[in-house]
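In the two complexes below, chain A is the common chain; its partner is chain B in one and chain C in the other.
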Partner chain A sequence: MIRLQGLTSRGQSKKFARIFTLTPYIFRNPILPALFLFIASCGFNHETNVESGTRQGILHVGNGDEPRELDPHVVTGSIEHNLCMALLEGLLDRDPESLDIVPGVARAWEVSEDGRTYRFHLREDARWSNGDPVTAADFVYSWRRALLPALGNNYAYMLFYIRNAERFHRGEITDFNKVGVKAPDDLTLVVELDNPTPFFLQLLTHMSYFPVHQATIEAFGAPDERGTRWTRPGNHVGNGPFKLKEWVLNRSIVVEKNGHYWDAGRVKLNRIVFYPIQNATTEERMFRAGQLHITGTTPLDKVEYYRQERPEVLKLFPFFSTYYYLFNTGASPLDQVKVRQALAMSIDRQQIVEKITRAGEIPAFSYTPPEVNGYRAEPGFSYDVERAGALLAEAGYPGGAGFPPLELMYNTSEGHRRIAIAIQQMWKTALNIDVTLVNQDWKVYLDKRDARDYQVARAGWIGDYLDPNTFLDMYTSNSGNNDTGWSNLRYDTLIAQAGETTDRERRFALFREAESVLMTDLPIMPIYTYMSKALVSPDVRGWYPNILDIHPYKYISLVQSTD
Partner chain B sequence: MLRFIFRRLLQAIPVLLAVSVITFLLIHAAPGGPFAEEKAVPPEVLKHLNERYKLDQPIHIQFYDYISHAVRGDLGPSFKYPGRSVNEIIAAGFPVTLELGCYALLFALLIGIGSGVCAALSPNTWRDYLPMMFATIGICLPAYVLGPFLVLVFGIWLEWLPVAGWELIPGDKILPSITLGSVYAAYVARLSRGGMLETLSRDFIRTARAKGMPEAVIIFRHAMRVGLLPVVSFLGPALAGLLSGSFVVETIFQVPGLGRYFVQGAFNRDYTLILGTTLLFASLIIVFNLIADIMLAWLDPKVRHETING
Partner chain C sequence: MVDRLDSISVSPRQDAWRRLKKNRPAMFGLFVLAALVTLSILAPWITPYSYAEQNLELGPSAPSSAHWMGSDLFGRDLLTRMLYGSRISLAVGFIATAVALLIGVTWGALAGYLGGRIDALMMRAVDVLYALPFTIFIILLMVVFGNNIILLFLAIGAVEWLTMARIVRGQVLHVKQQDFVEAAVSLGLTRLQIITRHVIPNVMGPVIVYATLTVPNVILLESFLSFLGLGIQPPQSSWGLLISYGVETMEEYPWLLIYPAALLSLTLFSLNFLGDGLRDALSER
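On to the complex of A and B.
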């Protein structure tokens, strides 16, 4: 009414005034209905996900992306590992805090004197989610399946420590009886290894060693058929603390407590809802609005805010992963050790972690992260611009004179770009070297890296198990992951020797020696050790920061926090 | 009319065939394969994967194979998601994208026509300037600015609406629909203002007024029918754009639609998924343009004559 008066008082014609009384309200001010829409909707969320979840024992977790599959022998990523960890259980498990090996399906085990034969005693009360007992034969079946060549299991190599497993996978032998896995009875599993493998028990906690339910697999296809419907809700049979309830593509995956699980008494959560949230900013907003208990990461520009304002929910802790650059050692000028040394020594890593990554990353002067289950690498080199200049001069490029233009390739990402720019600048200032930056779409980057069609390339590596071997064996001459063209006989020998050594100190000494070879020759240039950056609601108990960034859901509970 | 529709649909066949050939060649020409990963894929594993997905065959055989399945409605298995067929991914994602697109369109029409007509009725007053200012801002503001802004205001400060999700919490469809629709609302507002302004100055409106017809009847029955024709012809491309262009909104709001697959399929070199979604969107654009033409013919006798006899 006031509006109408205002209108006439402004001398608008009577005719228009009439229209406005006749036309629906919306025509007078279209912005108002939109506002009403919002006002009407206010009060939708009296209780947030986190509040109701905590009350009902339902954990809401941000889980990175849509899992490619839930089949432990087809997938490889950490997103899938989080889910498989809830749905399945291997022979052994990890303590969520110390990461020590604890019993899983196996209640006890013995290792032979030579460290090559393991005998596992399975617990009698281990059950599949349909009530079937979990037997030693299930493991033989599952490991055979994981090795079947046609399944296309990218992680098959994790089982290669078992005698003849690699030959079976390559199709050189077809009789699985020749492979070192036997089930003398329902509750005993005997495993024979090629070499004493001190980290073998750790491998058993990895999804590539998880069991699958034979009858279920075969109800939906051949054992080596990829992507059958056995992993769908209603079909899936697992032996983990939770069972699959619902899987809506790209929206959520819901698992609920498995009553048949042998340790069900310890499981506190009734349900877990996994959300495939790719965008870290969206994930953080959902956390802030009380839609999530736990996020997978924190956006870089929000780390500082949480550090200042809500330090109790921000969990920053070193991750078992190294950010580094690869040098293609096959072509000039990077074929010269001194050039690579000069490049590695002229980067101020402290600046990079303080000014760019800013989450407390650790500057890296060794390839393995600082502390790996008792193994501590010596820094292989140092930040020394003067020495770098001298080395470059010795290599024939005094003051950078005559140094051919260098190309640095990274996969398209804002974070990688910032680091590359900083390094480009540092090399220019310290060594007077010109570097061009080239970003490539992920698959092109992988393709070029694999074909060694690059000079310097960004890379990252996440260790699979807590042992220096997971980092160091990838730079042996015949490793498929060695994209640098670097080959060093002494390094190969040291790694091979370490593989045959049981004595822990002796083994670590061999690894240290190998790593010093690697850090002298520098086919790769470590930059920093990654940090995990999770946001965890104060309601969540039993979640511990650890270097593998794994958080077994079995131990997690929800308690209404006091604040 | 039927002949016109039939002819248009017939024309669509070579168009779709060309789209699939070009897409197929482009994705196969792009460097990097679907199975490359950070951890090196052992050659024997790669060999088995290539055999399984028939990538070891010559390219023309692969194409023939794909097309002969596609015409029967089978778009093949996804490369990235071993357990999913492209049909299944589309069946899961498309209804969501469609729903989001429809809400966004509804929002665009409601706000756009409302403010456009309102502006045209009192040109060069604040009733005109204000909505047009919003429209200009709306056209300029990309979804990745508007979306987070709306989330900040209504999701985080006011705590009225969920910040993300789709069918997870009541009310979570509102912000993505508004974000996606706002650019189109702005276009619709400008189009309807222009159309209405032109129409209101035409002779038949003056005649109607001279006859003493009530102003509301003049606006609703006579002026809008002609004045909103530009909006109608914009609808087809708009809906197609809303459906295929929802990637950013889907990412910001964690909406499980098809837009994400459309874009990520390309990054992942998921050949079948790119082809499937491209063909789907191409068909939709053809269909929506056809529908818009039919509607236009129904509303405008001049166009009706041209389309049917032309």
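On to the complex of A and C.
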């Protein structure tokens, strides 16, 4: 290839040098030169994934790990969200750059004066990938399914803003007609809310509100059955810009352009290949070798290199998210507030972000990230080793004596491991507590979290919409994403009150008060605010850094970069 | 010990030792191993650092006068971690090999000497265990018994004995047809006495050689298991863990890979030299 850049050209000129110095030895053996020429010719003529992908409109993406499922009403992770975003589309969508709400399946909508009733007008040309029209009834069906108690949707609480949705989910009412979702005709959807919810339109862009295809779901099982074969290639029917083509376990998931998609004219990519690469170092090497257009992250040690040498491919920006540890509050010794406070106070977050993660992360002393949409969280506690020791003593473990060894679980990744090793030692030094580290695959890790089969677990949360509520309402007692077993009536009340309040300042004051409850009881221990560290090839257009770190594939195109 | 025979007759063991002493690579290997064992035992007195204590302020630093082999990502002295790591790696290597030796020799000698249906039965058991995928077998053992260093030694030993048993059986089949065994039988010795006093000492040559080759295998295996997260636990270290972590950062902090890898290679060389030397010393009759 003629186009050589950066590392590649340097690497190859070195290879040339070596070939020439070795020549006299090599040519004594008749087979070797032939072999060498063969290998060399392979090396030079073979197109990389990125080169051929850019030419053919195939995007190669590192997607972290094998997804647990592709069912939007079952999954919760960002890995799965990336896939759902390609395969399905909600009523509304977001602009990839400004994150403003733009029409999706709904082409227009009206809000009643009291802010409690929404009327959506669906576009006529919205189609499923098998050609069926997407109707308002599909949304009623899908939201009902998302709320079915037996489905065990962790995200069900995202729909609780709809009138009677929570009661339906709890099984208090079984007649879905009483829930505030109606389809007066095929193209009109009327939604009634309990309270005027300022972020309701944002919720509609989230996968928990995505539609699913009724006939497909029911061909492979009951509506509230998890893990049926409807999400397999060949079976899957979606309404997104892409459709599922191939899913090879631990190798790749391939989606291709959906010809029935209403806005297919805008979709530039022909295919996307998602690779489940757990290891950031491997991922970065693949990126450098031209095997990937986009990586999920950059290895901790490589950030500095890219910042200096190739700033154009490193997309480094803070986003609306928190890296934290969960405490399972159901069992001794973590059921004691003082123990949790001692653990949270005794780690040096500044050191962790400066010496381990090293990409400019911000130490977190509150669960919601520092500032979003005008909400500012107060730090709920501080780094104070002495106070931590005193608290541990008050809890009955002076100097760590008699404290049972803790187990810290994280999903396999060298970044999580390093943070865990640092925290393990900080707890040992500050509190004399022994910690064992357990790493698990993403799927096992999620299952164990859901089953609350852990003591301390690493976690990260990315806001689903731009409002502090997306962080704070997940630790209410009735939230499916509250994996800590913690429940606090005062907290629940404050969050509920905030939900009923329309005045912005009053609402934020309630959130702050709720957060101070959360940060006193500490069922979770914030560590830092994430930085997004994706590597993006210069060939990729339409990928914008944004605070939610979502990059809809619909808008991405590939253009051969000239350098 | 009372020297009853005159000094002209030299026992086979002394003879072998004399030959081994003349073999320079083997003596080099022996010396390196002895030095490593001594250093790893004396680790707390050699280094002023702790293998667990972190110095994040320092972070990864290149070799210097304070840290002869540099420090790792957490500012821990690499030399210290290698010394403490050699405790684990060498212990795994030798204990697991000893376990393999014990089970393998007993099993193989019994099967070979008793012969017939018992032999067939015992060796088929070995075949069945052979057929089990090795990693899965170890993972199963770990799941049942938990993640514990002693069990790790035993688990690895419990897998490595299979080949040993086959080698020993083959040798025993050969040895038991020799005249001295017949003589022992005619003298009225019990089977147990014959096996322990006459058969096993005569198959030890190949067994010792194979054992020295097993040690490096097992050290590498521990690396592999630690890589999978089944071996030892942070903050402890072993050569395998150091190398696997070193690989992650080999471009930024090459010393974190080079030193542990060099040490492992040196050990493997030494063991192989020693193994070769022992084979020569024991088989030259």
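By definition in this document, the second predicted complex is superposed on the first by the 332 of 563 C-alpha atoms of A that agree within 3 Å, B and C clash if a C-alpha of one lies under 4 Å from a C-alpha of the other, contacts with A are read in each partner's own complex, and residues count from 1 in each chain.
Note that a contact is a pair of C-beta atoms (placed from the backbone, for glycine too) under 8 Å apart; a residue touches a chain by one contact, two chains touch by 3 or more.
Model, not experiment: these values are computed from the prediction.
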{"item": "First (chain B), second (chain C), both or neither touched by A:A219", "value": "neither"}
{"item": "Partner chain in contact with A:I356 - chain B first, chain C second, else both or neither", "value": "second"}
{"item": "Contacts of A:R170 with chain B and chain C, given as first, second, both or neither", "value": "first"}
{"item": "Partner chain(s) touched by A:Q291 [first = chain B, second = chain C, both, neither]", "value": "first"}
{"item": "Touched partner set for A:R229, first chain B, second chain C, both or neither", "value": "first"}
{"item": "Partner chain(s) touched by A:T281 [first = chain B, second = chain C, both, neither]", "value": "both"}
{"item": "Partner chain in contact with A:W442 - chain B first, chain C second, else both or neither", "value": "first"}
{"item": "Which superposed partner A:E69 touches (first chain B, second chain C, both, neither)", "value": "first"}
{"item": "First (chain B), second (chain C), both or neither touched by A:L249", "value": "first"}
{"item": "Touch count on chain A, higher of chain B and chain C", "value": "B"}
{"item": "Residues of chain A contacting chain B in one complex and chain C in the other", "value": "281"}
{"item": "Chain B contact footprint on chain A (complex, rising order)", "value": "12, 15-16, 18-19, 22-23, 26-31, 33-34, 37-38, 41-45, 49, 66, 68-69, 71, 74, 76, 149-154, 156-157, 169-171, 226-229, 231-232, 248-252, 275, 277-279, 281-282, 285-286, 288-289, 291, 441-448, 450, 460, 479-481, 483"}
{"item": "In the complex, chain C residues that touch chain A", "value": "52-54, 56-57, 59, 73-75, 147, 229, 233-235, 247-249, 251-253"}
{"item": "Interfacial residue positions of chain B with respect to chain A in the complex", "value": "30-34, 36-45, 48-49, 52, 77, 80-84, 88-89, 92-93, 110-111, 114-115, 117-118, 121-122, 131, 134, 148, 151, 154-156, 158-171, 174, 178, 214-216, 219, 251-254, 256-257, 260, 267-269"}
{"item": "Chain A residues within the chain C interface of the complex", "value": "281, 299, 301-302, 305, 348, 351-352, 354-356, 412, 414, 417-418, 420-422, 424-425, 428-429, 436-439"}
